[in-house]
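Questions regarding the structure given below will be posed in turn.
Chain lettering (A, B, C and D) follows the sequence in which the chains are written, and residue indices restart at 1 in each chain.
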Amino acid sequence: MFIRFITTGGTIDKVYFDALSQFEIGDSQVRHILSDGLADFDYEVVPLLQKDSLDMTDEDRGKLHDLIAADDAERYVITHGTDTMSETADVLADLEGKTIVLTGSLSPARFKSSDAIFNIGMAVATAQIAAPGVYIAMSGQVFRAGEVRKNRTENKFEKA
Amino acid sequence: MFIRFITTGGTIDKVYFDALSQFEIGDSQVRHILSDGLADFDYEVVPLLQKDSLDMTDEDRGKLHDLIAADDAERYVITHGTDTMSETADVLADLEGKTIVLTGSLSPARFKSSDAIFNIGMAVATAQIAAPGVYIAMSGQVFRAGEVRKNRTENKFEKA
Amino acid sequence: MFIRFITTGGTIDKVYFDALSQFEIGDSQVRHILSDGLADFDYEVVPLLQKDSLDMTDEDRGKLHDLIAADDAERYVITHGTDTMSETADVLADLEGKTIVLTGSLSPARFKSSDAIFNIGMAVATAQIAAPGVYIAMSGQVFRAGEVRKNRTENKFEKA
Amino acid sequence: MFIRFITTGGTIDKVYFDALSQFEIGDSQVRHILSDGLADFDYEVVPLLQKDSLDMTDEDRGKLHDLIAADDAERYVITHGTDTMSETADVLADLEGKTIVLTGSLSPARFKSSDAIFNIGMAVATAQIAAPGVYIAMSGQVFRAGEVRKNRTENKFEKA
């Protein structure tokens, strides 16, 4: 079993820089999470972007789409900012024969209390056992692309 | 979507009692993990046992089997000690029409670095999307009951 | 032994709000830290301000000064943003007969890896055993007010 | 400022070995704690023993005593099991001209919630600012050797 992880930024990878008194996107936490999770399968992490998902452009999404289209893996986990995760999922929906799972977190993985590890765990299981297609694993649930939105008021993902 | 969690003990729930300089099984960490994971679905936690899995008896496994057989839920996550997790999975294999996922952890959930949260994340996703059957979610992988064993030397789960 | 804690904000209490994709100062972490630290002495926490220390005004410092001057405790720990911690220490220097320790952290207490707990531990010990005066406990060291500055380039406190 | 750390084992350094379903004393957590605490001073860590303090012998205490007596540092932090920490403190009481602080923790440093970091923070501050003598930093307090005991029923340190 092989999973290709592609990291694009978002809250999950945010760090705090005291010098600037602000948050920025830091190195991906995926390897740490898989290591703590004692994950024992083959994988590779491709760091594609380090962006807040509100700043992702059509060009960025195109780049992600083309990377997967040209690649021979069957299973993908994409870490992504939450605000436009469902838009990116829609853009990937035409990719056939691959199980693609987008996830991220509502609080940074570097926090003591974060949904990041739980969400990566969900995504890894989904990438293994779900039929080919595009999924979002957030808020304790596995949604199909096109049937999910972020409810910003309640800060959670729900059926669209 | 509703998941019934059944807790039986094991390393995942171990605490350390300084007074005795020893480890014992404490309250289940499942609720904390689901809360940190921002899981937004209906669930119930049934505390059935608090045992090291080496101490589980046929009677204990029978009790677990009967609880699920008599219950009307369709999705279950069972936290369990790792040493006899696959034996318990085998005992549940005849239960039809239900998706049952066993998980646990190799280091206690109360540790800073533990596979517990990751594993519960995997189990929750598997309970939602896998076909009816019995599964073990450990070592970053989702195994089918009857096709998995704990490799004690390398301290991981692998295909049997 | 009694210590009065006064919280004024700063990085130590920062939380991340995904809805806004930004950091803000949240509830004080002092009680959690003392509870995790199994601290067994009498104390009270006074939440005075919730400010980045760059935003603290002379009026804010005057309020802090007057609160302590009018109070009958002998030992204080003040949590404070790091950028102007030494300025605030200077303003308190004329308060006699009291041991006053300022501390804070360079990364938020809510992070997995943070200097917050360590610094509060240092401050609590200093408040108990140091002679009356004003101190800053940061970067693993206990400095006297007037003899310390934040080195912004290296992001640490050092002798002035 | 230089502090020599001497590690002797105890709960603070305990790890859990799933293979054996038991706890043992692992590598010292002192370096990790100082690193997370952003401690910026010179120090050295001497790993002397890896024992539960109930297993410490007179010979062990003699070895610790002689190590410090023959050494030219002025400040020491000793990590130690809690059950006989005060006995060891008594044995060191005749060492003059040195500030020696014993500390440890009631729950392992590897736990998410532990008094370990807080206690090391207290010990580091005490080693810097206390007059020469032997101290115990536990339960949020700095005690003098000879005036402190562990209350096993309430699992805390208190004035003897």
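Assume contacts are C-beta pairs under 8 Å (C-beta built on N, C-alpha and C of every residue); 3 or more make two chains touch, one makes a residue touch a chain.
All values derive from a computational prediction rather than experimental measurement.
K.L.:
Among the chains here, which has the CA centroid at the largest distance from subunit C's centroid?
P.N.:
B
K.L.:
Indicate the whole-number Å distance between the mean C-alpha point of subunit A and the mean C-alpha point of subunit C.
P.N.:
That gives a centre separation of 37 Å.
K.L.:
Just curious, how far off is subunit D from subunit A if you go by their C-alpha centres, in Å?
P.N.:
43
K.L.:
Scan subunit B for residues touching two or more other chains and write them down.
P.N.:
Residues 106, 112-113.
K.L.:
For this structure, enumerate the chain pairs that meet the touch criterion.
P.N.:
The complete list of chain pairs in contact reads A-B, A-C, B-D, C-D.
K.L.:
Looking at the complex, which residues from subunit A come into contact with subunit C?
P.N.:
Residue list for subunit A touching subunit C: 11, 14, 16, 18-19, 21-23, 52, 54, 82-83, 106-108, 110-113, 152, 155.
K.L.:
Where on subunit A is subunit B touching in the complex?
P.N.:
Going by the criterion above, the answer is residues 1, 33-34, 36-41, 106, 113-115, 117-126, 128-130, 137, 139-142, 156-158.
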